[in-house]
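Letters A, B, C and D mark the chains as written, and numbering starts fresh at 1 in each.
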Amino acid sequence: MTVKIGLIGAGGIAQSHINALKKVEQAKIVTVFDLNTEGAQKTAAALGARVTESADALLNPEEIDAVFICVPQFARGDLEEIAAKRGIHVFVEKPLGLELESVGRKEQAIREGGILTSVGYVLRYYDTVQQAKQYLQDKTVHLIQAFRIGGSHPAPWWKQQHMSNGNLGDAVTHQVDMIRYLVGEYKEVTAQFGRNTIKTQNPEATIPDAGAVTFSMESGAVGTITESCISTYHSGSEIKIIGPNFFLQLTGNGKTLTIIDDQQNITITSKQDPVYEQDKAFVEAVAAGSGEAILCGYADGMRTLAFTLAAYKAAEERDTVTI
Amino acid sequence: MTVKIGLIGAGGIAQSHINALKKVEQAKIVTVFDLNTEGAQKTAAALGARVTESADALLNPEEIDAVFICVPQFARGDLEEIAAKRGIHVFVEKPLGLELESVGRKEQAIREGGILTSVGYVLRYYDTVQQAKQYLQDKTVHLIQAFRIGGSHPAPWWKQQHMSNGNLGDAVTHQVDMIRYLVGEYKEVTAQFGRNTIKTQNPEATIPDAGAVTFSMESGAVGTITESCISTYHSGSEIKIIGPNFFLQLTGNGKTLTIIDDQQNITITSKQDPVYEQDKAFVEAVAAGSGEAILCGYADGMRTLAFTLAAYKAAEERDTVTI
Amino acid sequence: MTVKIGLIGAGGIAQSHINALKKVEQAKIVTVFDLNTEGAQKTAAALGARVTESADALLNPEEIDAVFICVPQFARGDLEEIAAKRGIHVFVEKPLGLELESVGRKEQAIREGGILTSVGYVLRYYDTVQQAKQYLQDKTVHLIQAFRIGGSHPAPWWKQQHMSNGNLGDAVTHQVDMIRYLVGEYKEVTAQFGRNTIKTQNPEATIPDAGAVTFSMESGAVGTITESCISTYHSGSEIKIIGPNFFLQLTGNGKTLTIIDDQQNITITSKQDPVYEQDKAFVEAVAAGSGEAILCGYADGMRTLAFTLAAYKAAEERDTVTI
Amino acid sequence: MTVKIGLIGAGGIAQSHINALKKVEQAKIVTVFDLNTEGAQKTAAALGARVTESADALLNPEEIDAVFICVPQFARGDLEEIAAKRGIHVFVEKPLGLELESVGRKEQAIREGGILTSVGYVLRYYDTVQQAKQYLQDKTVHLIQAFRIGGSHPAPWWKQQHMSNGNLGDAVTHQVDMIRYLVGEYKEVTAQFGRNTIKTQNPEATIPDAGAVTFSMESGAVGTITESCISTYHSGSEIKIIGPNFFLQLTGNGKTLTIIDDQQNITITSKQDPVYEQDKAFVEAVAAGSGEAILCGYADGMRTLAFTLAAYKAAEERDTVTI
């Protein structure tokens, strides 16, 4: 069975899905929409696809089985709800939104519509991350230390807190998500954010330039997430997960895994393309009518969003916030 | 001038001072006291020193110019006050105590006594740490990420929170102090501590096994400190200090410094013995009657203690605590 | 079946075998001989074993099934031949000797005696080295780069070329052997040795302080071995094995293996004790009457010696020597 | 004074000189020649320079003060001699040629012409390499270990031994040169070269795919150079220089320097552009009429070539060759 796909958004992240979907045998992109009409036409032409006149028109269940929603979090309107009501399966990029109310409403519509969903927490699809999850299944974790430090997304909207939710909300959300995926649910969070440099370097920006987050997990483990989006001479990411008798570390956004315990000392760098693995899993799920191979559905992705929002709230209210 | 020194405490940390003081020309240990009489006698004999019958008797200004207080934080009574009143200069190990009331009283007595003091925040004496301080003088920091992860002090008292103040209070206090020393004063703190493993591994222990601390600085920078005292397969320490145009990192408890900016990319591992540098600075200060070369005096060390206490309070009260 | 073992030599390397054999269920050391009678007695007492009056007396087939020859290469006389003639199985330390004539004669006696032999090329027993061998089975290698750089064995005899065959002959022999084990037989060798520093630092020494060896393999691959025994600030060992589509590296004397190719990028540090694995394999082989699990027999070890001797000859004669 | 420059060759290496010379205040490229007329015109147009009809015509002392000869070693004819005779100062890329006869003749012409020359052993101009040279001035070296492993130059001529002199002659010549520059002159060399993979991978190629070189220095030090030009999963370069009391290492073609001794343990990565430093030194030397700041003149570069040729000869004749 061929899965007919509509693509909403034709920017950078959409292109990475196009490249991945080309290698997925069952996938065929048939329609494209982007507010940038020129971009949509160029993309569609290269794919032998058709441009629709609106996002709403693209969500036509007679034409497509599934939609890839690749516009930023501030620009999605009620697309997920419409798709759910029309029985179109939804792949949507992370993060799921900017507040929980609309995202919760969408989640309900999705449940009611009975559609399959996949959220772009793509790092879950690395074989290294899968191996980490398998390893941690029966381990007691007491400490987690994570960071993601680097530069900014170049788009102006990204530096507006109300459009992107900042670095923690948009980029570090991958680390926030991986911790949940590997160690279980968060319980409480406190946080401090700073604007020491960005306030003079880029006065129009409203996002923080640095974030320091402390959390506890339902299991009793505690940890930190440290992030910056204006670091020129240090960049990278890491999650350390520590128990009394083991050390597990993921670096390079999950690409490289180290496990040390009394039986082994091993470091593996993945050779996989997680975007391909993610998109293939979703397309095959749609073809098979079963979501088992999808590693992050909408309700799951919503819990990751909830943590980010709680961290910002904790900082604003100078309080400990329960997720 | 020879500086006559009395030594209170003859355990592990005292031995490291003895080794260092042997190389300091002006230093001469003349008296020793330890509740463990045998240990005191053995130590004194090796030094050609005399054992006193009490700590109070050791604090004899006719016999000594300075005292090295090398007993743990729970066992110091009012030794610093007595020394201050008798005009004996004081070197005292970190941390300065377990609460601020008695430490504040001691600090006042020291000021009134006009004595010189040096607190064992020994890592400040690394040339690498000095170079870091020099470098950071005119830099704008927005993010700090620190960790110290490893094993426990073997002594049973160390695992009792009311005797040691835990890993954050006793060992990680070095990192807490270095951040202040390099970047300026802390402003606010929140924290979470866990006992996921220690509660079953060592039921009599009352300390946490993991700590996650978030802070802001008076300058506006934010940061995290992550710590564990029961990690078998990962140990080490690191302080990253990040600005928009530089990266500075101290690892190995300050021994190794990396600085990267547009002018340089350099890593230096110190060849110095910071205990020697610290003890020499104190002894020479006593001989010269001037404390300029001492890098951490009592009032300074007290501010480091204040941060640790605030972190524990923040965790207990689930609140943001101002230092 | 219990394998009764006689131990010739009670020095450092013998102690490491004693520690390993304690964990081998079927092994029992029953007799010990060392020219240093006191050392022999102390060792025997700790083992509940008996001291013999000579090495010859120890080689008593009514008392022992196997002998561990743990005296240096200059001190073995014709022990292996005697053991072979008396039907006693032989474990002997590397290197097998200082020239090929006597070693060849011993090898013939061993073949005629039909005994099992194991030579102490212990690094072959690392699981990492086994994995490297497995990986390389069907690979085309074009380049090998090996080094072993560090300090000297403390014994005075070791610095006499005619007693130890120098660093290349005694320590770096492990690397020489691993290359053969992993990539096949050597074909030709050239070499240069220096005495730039040792000649003034230790005028009585006759060994080189540095060696630079170039070789070709029967397969057509070429490579280098670089070694020093007087390096204070750099030490370690490495073997890089390179083909057009893979990179394989062993560091830490074989303990850590890295393999990179289009399918994988993995680094494994062994948790095994190769001395234990080696001694267990030999003892079990003796018990079972089958040498299959022994990874280096006498004839095999002799080929490793042949390479070292050829390298020294090449340097002396300023020639390319065929192995 | 403005130094008027003619540029022979407009390929990749010429472009890197153009970029560097743009930043050198006194430099002005006035004429360009390349057999590829189109390339020459495009390059000249971008520079506001003129294309000459031949290399000979470019060597016009009324138009230029200096020439940059940026054509490969097989394509230089007698350009250096002509320039020398006409009093035009010469910058010429490494390596200087393919055999010593013509290069020696050119060297004589240069001496007789009294012109300034600079050879493109550009790595000498790194501040890190300068610091290494300074450090080694009074040190006794006993061992040198160098490698350069990676891929091939893409040009077909490069894989023809008679046109490029292979990887050792063309790329690894930088490492061969740095060793001379830092530790002094070579004395003897032996070598083995292999073609295990290239003979099937690229049957038309006549260069080796791997080289293993052993050498001694006039000082008595010995060492190895190991190289490959068909390694996909390992690439890099390193020179280790070892004495009894120090370790010095250059990696990244000289960009990163490590020095460890009893006083220091330091790693520095250069921020300099050595092409710029090299070209600036030459242009300023021409302007000033004094070659002091030039780090590699023609006669010096010829000695580096001599080593490469000796290595190939040693391999071919299976002999030890004196440089």
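By our rule, a residue touches a chain if its C-beta (ideal position, glycine included) is under 8 Å from a C-beta of that chain, and two chains touch if they have at least 3 such contacts.
These are the chains along with the protein names UniProt gives them: A, B, C, D = Gfo/Idh/MocA family protein.
Predicted model only: the values in this text are computed from it and were never measured.
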For B-D, find its twin among A-B, C-D or A-C: the pair where over half of the contact pairs carry the same residue numbers. A-C
Can you tell me which chain lies farthest from chain B (Gfo/Idh/MocA family protein), using the average of the Cα atoms as each chain's centre? D
In whole angstrom, what separates the CA-based centres of chain A (Gfo/Idh/MocA family protein) and chain C (Gfo/Idh/MocA family protein)? 54
Distance between the CA centroids of chain A (Gfo/Idh/MocA family protein) and chain B (Gfo/Idh/MocA family protein) (whole Å) is 43
Could you work out how far the Cα centre of chain B (Gfo/Idh/MocA family protein) sits from that of chain C (Gfo/Idh/MocA family protein), in whole Å? 49
Using the touch rule from the top of the page, what residues of chain D (Gfo/Idh/MocA family protein) touch 2 or more other chains? none
Chain contact topology (line, ring, star, complete or other): ring
Spell out the part of chain D (Gfo/Idh/MocA family protein) that touches chain C (Gfo/Idh/MocA family protein) in their complex, as residue ranges. 140-143, 145, 147, 149, 188, 190-198, 201, 209-216, 219-228, 230-234, 240, 242-247, 249, 260-261, 314, 318-320
Chain A (Gfo/Idh/MocA family protein) touches which residues of chain C (Gfo/Idh/MocA family protein) in the complex? 262-271
